[in-house]
Amino acid sequence: MFAPDLFSQALNGLSYGVLLFLLSVGLTLIFGMLDVVNLAHGSFYMLGAYAGLATIALSGNYWLALLAAPLAVGVIGALMEIAVLRPLYRRDPLDQVLLTFGFIYLFEDLVKWIWGGRIRSIPPPDLFAGSVTIFGATVPSYRLFVIVFGLVMAVALFLLIERTRLGAIIRAGVYDAEMTAGMGINVPLVFTGVFAFGAALGGLSGVIAGPIQSAAPPMGAGILVPALIVVVVGGLGSLKGSLAGSLIIGQAETFGKVWLPGASMVMIYVVMALVVLLRPHGLFGRPLK
Amino acid sequence: MTLRLLAGAVVVAFVAAFPALAGNYPVKLLHEILIWGIFAMSLDLLMGYAGMVSFGHSAFWGIGGYVAALALKQSPGLVSGFVLPALVAALGALVIGYFSIRVSGVYFIMLTLAFSQMFYALTFQSAWLGAEDGIVGVPRARVFGADLTAATPFHVCVLVVVAATIVVLWRVVRSPFGHVLAGIHENENRMQAVGYPVARYKLLAFVIAGAVAGVAGSLYTQLVGSITPDAFLWTTSGEALLMVIIGGTGTLGGAVLGAAAFILLQSLVSTYTERWMLILGLTFILFVLFAPGGLVGALRGRVGIRG
Amino acid sequence: MTAPALLAIEDLSRSFGALRALNGVSLAVGRHERRAIIGPNGAGKTTLFNVITGDLAPSAGRVVFEGAAITALPRHQIARRGISRSFQRTNVFPRLSVLENLRLAAAATGRGSYDMLGSVSRLAAPLARAREVAEAVGLVERLAEPAGRLSYGEQRQLEVGIALATGPKLLLLDEPTAGMSPEETARMTRLLMALPREITLLIIEHDMDVVFSLADQISVLHHGEVLTEGAPDSVRADPRVYEVYLGTGDE
C-alpha cells in the first residue's frame, strides 16, 4: 500500500499539475496560433484569482466566482488582443512578445491599486471545506475537487478541440494561419477568440488556485516560468502536450521539493534547456520547419 | 553637428560634476543609472545590432556580481573587482551561448530565460553563496592606489567604465565585425549563403555582451555592497530590455537614456504616486506600439537629424 | 570529355514525406561550362540547388565538388569552397546600401571581418570588389541606395551581384529573370553573357531565349529525374522535352 505521505504528495503534485495544465493550454494555443509567447499569461492567472476574490466578496458564492472569473479575464484578454496585439501582427513576433512583457507591470500594478499588495485568502466552497482520509493520508477535499475538475476540463477541452467544428478551425489555425485565412475563415476573429479563450483558461486556473495558495500581486510571475516549461516540454501548440507536460512538471516540482531540496529548482530548468536543445518541438509538438 | 557636440559636452560636464552639486541619494541614483546603463548597452549590442533578443542577460550581470562579491571579500583589488568578473561572465556567456545560439527567435528567448533562472535556482539553494540572502558586506575594490570606498574615486571609476564601454562598443559596432552583425540581423540566411560562419559571429557578440554585463554586475555589487539571487531573475533581464527599448534599440546611447527613464520613474515618480509600475508598463507598451525608435528616435526626429 | 567534372552529382535523391522531389539524379558539370537546368514546375530544380548548397540534406546520393564530397558540409563551408548562389525569391539586405550588400558578400571569405576595433574602409579588397561587381551588374549609379528601395529588376541584378561578389568558381543562378519585363530580361541576359568564362555557371531558367543564348549544355529535369541532357540544338529537337512541357503552358 502507498505510504500516506507519498500519496499525499502525489495528490499535491496532481492538483498543482491541474493548475499548470489550465494555464499552459492557453499559452500553448496562443503560441500555436498567433506565434506569440504571451509573457503576461501569468497575469491572467493573477487576474482570475482576484476576479474570484471580488465575486466572492460581492456574492459569497464560490461557484459564481468559478464562472465569473474566467469570463472577466476572457474579456480582458480579448480587449488586450484587439487594442494592442492586432496592430502588431505585421511586425516581428518578437515585438509582440516584448509588448506582453510590458503588460506584466501594467496588470500587477492595476491589481495592487485596486486591492492593495497584501496577500488575500480565498476560502474554498463550503462543500469542499473539510478534509477526507484516503489510504491513511488526510487530504483537503478541495484538492480532490481540483483534481477531478481538472480531469473533467481536460476531457471537455479534448472534445472541443478534436470533435467540434470550432475546434477544427482552431487546429487549422494553429497548423497554418495563412491557409486558414485563404479558406475564407475570419482569422482576426478567431485570433481574438483563441486569445480570449486562452486568457479565460488562465483566469480559471487562478480562481481555482485561490483557496490553495491565496492571492497576491506577484503570483503571476511565479507560475509563468513553470507554465512555459510545461509548454516547451509538451510541445508548443499541442493540447496533449500540455496535459503530459503539466503532469510531469507537477510531479517533478512537488517530489523534487521533498526528495532533492537542494536540486529541485534547478532540475526543471535543466529539463527545459535539454528539451529546447534536443527536441525543440517538445513531446507532442509539430516538428519545426 | 556642433549642437550635438555642445549638448553632449554639457551633459558630460554635468554628470562629472554631479557629486559636487547634489547630495548622497541623488548621486547614488546617478550611479545606478550609469551602471544599469552599461548593462543595458551590452544588451543593446546583442539585440539592436546582432538581432538576438535574450531574456537571460541577467545571468552575466549576476555572475559578475557574485564573482566580485566572493573575490573582493578575499582581496579587494583590480583583478577581483573587474578582471575576474568580466572573465568568468565571458566564460559563462561562452557556455550558455554555445547552446542557446543553436536556436533562434522565441526558442532563443525561452532557452536564455531558462539558463538565467537556473542560476537563480542554484544561488537560491546554495548555502555557501548565502542562499536567499546572498552575499553581504562586500568591500569595494582598490584600484591604482585609490580606495573606491571613498565617494570621489568611486564616481571617477564609474565614469571611466561608462566612457570606456561607450567608446569600445561604439567602435565594435562600426568595425568590420559590427558590419557582419548588422548583416546577420538584416538577413541571416543570406549571410550563411555567402559563406559567413554566422554562429561563430553570434557567439562572439554574445560573449562580448556577457563580459560587459559582468563588469556592470560587479560595479553594482560594489555600489550597494551586496548581491542576491534576484540578480538572476528573468524579470531582471526584462528590465534591461525595457531600458533598451525605451531608450531606442540599436542606438547604444539610448540604453543609458532608457536606464535613466526607468530608474527615475521608479524612484522619483514613486515619491508622488505609488503607481510607477503602471506608468512604466504603459510607457513601455506605448513605446513598442508607437515609438519603436525609442527616446533617441524621438529626439532625433525633434532636432531634425536624420536617424 | 576527359577533364574531371567541377561538380558531380551522384544518384541524388531527396524526399519530403511521400513526395520524391529528387529521384536518383546524376549530373556532371565541367569546368568553365555553362549548364542550364530546365523542366516544368515541380521538377525538382530548386531542390537540386538546395542540396548542392547545403540548405537541404539529401535522402541518398552525394555531391562532389572539385573531387571532394561536400554533401554533409554546413552551408557556409560549401560557400567558402567556391559555390555561390542567387535565389528565386529576391534575398538581399533591404536596409543596407547596395554597396554594403556587395561588400558584405565580397568580405565573406576573407579574415578581416573579425576585426572589432578597426574601420570597414580599411578593408580595401572587398570594397574594390564590390565596386567591380556593381559595374558588372549595372548598379554603379545606385551604390548609396538602400537595397529595399531599388526597383524589382534592379533588385534581381543585385541578387546576382551578391552571389558574384563572393568570387565563386561555380555560380548557381535560380531563375535570374523571374518576373522581369522583356527589356529587363534582355539586360540580364547581356549581363550573364558578359560574365568571365572562369566562372562555371549552373542556371535554372524558364525563359528559353535566355537558355539558348547562354547555355553550352542543357539538362532537362522531370519529376525529380534527369530526362535528357545535351547540346541546346539536340535538346530543342527532342520530342520528349516538348511533351513534358505540353500542357504546362511554360515558355
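All chains are identified by letter, namely A, B and C, in their written order; residue positions are counted from 1 within each chain.
Operating definition for what follows: contacts are C-beta pairs under 8 Å (C-beta built on N, C-alpha and C of every residue); 3 or more make two chains touch, one makes a residue touch a chain.
It should be emphasised that the depicted structure is a prediction, and the values quoted were computed from it without experimental measurement.
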Chain contact topology (line, ring, star, complete or other): line
Middle chain, criterion being Cα centroid separation: B
Chain A and chain C: spacing of chain centres that average the CA atoms, whole Å: 49
Rounded Å distance between chain B and chain C, as computed from the means of their C-alpha atoms: 43
Separation of mean Cα positions, chain B and chain A [Å, integer]: 32
Chain B to chain C touching residues, read off their complex: 168, 171-172, 174-180, 182-183, 186-187, 189-198, 201, 204, 208
Of all residues in chain B, those that touch chain A in their complex: 53, 99, 102-103, 105-107, 109-111, 113-115, 117-118, 120-122, 124-125, 234-235, 238, 241-242, 245, 274-278, 280-282, 284-285, 288-289, 292
Residue numbers on chain A that touch chain B, as the complex places them: 31, 35, 37, 39, 84, 87-88, 93-95, 97-99, 101-110, 112-113, 221, 225, 228-229, 232, 261-266, 269-270, 272-273, 276-277, 280
Residues of chain C that touch chain B when the two form their complex: 53, 55, 75-77, 79-80, 84-85, 87, 91-96, 100, 103-105, 107-109, 112-120, 123, 162-163, 165-166
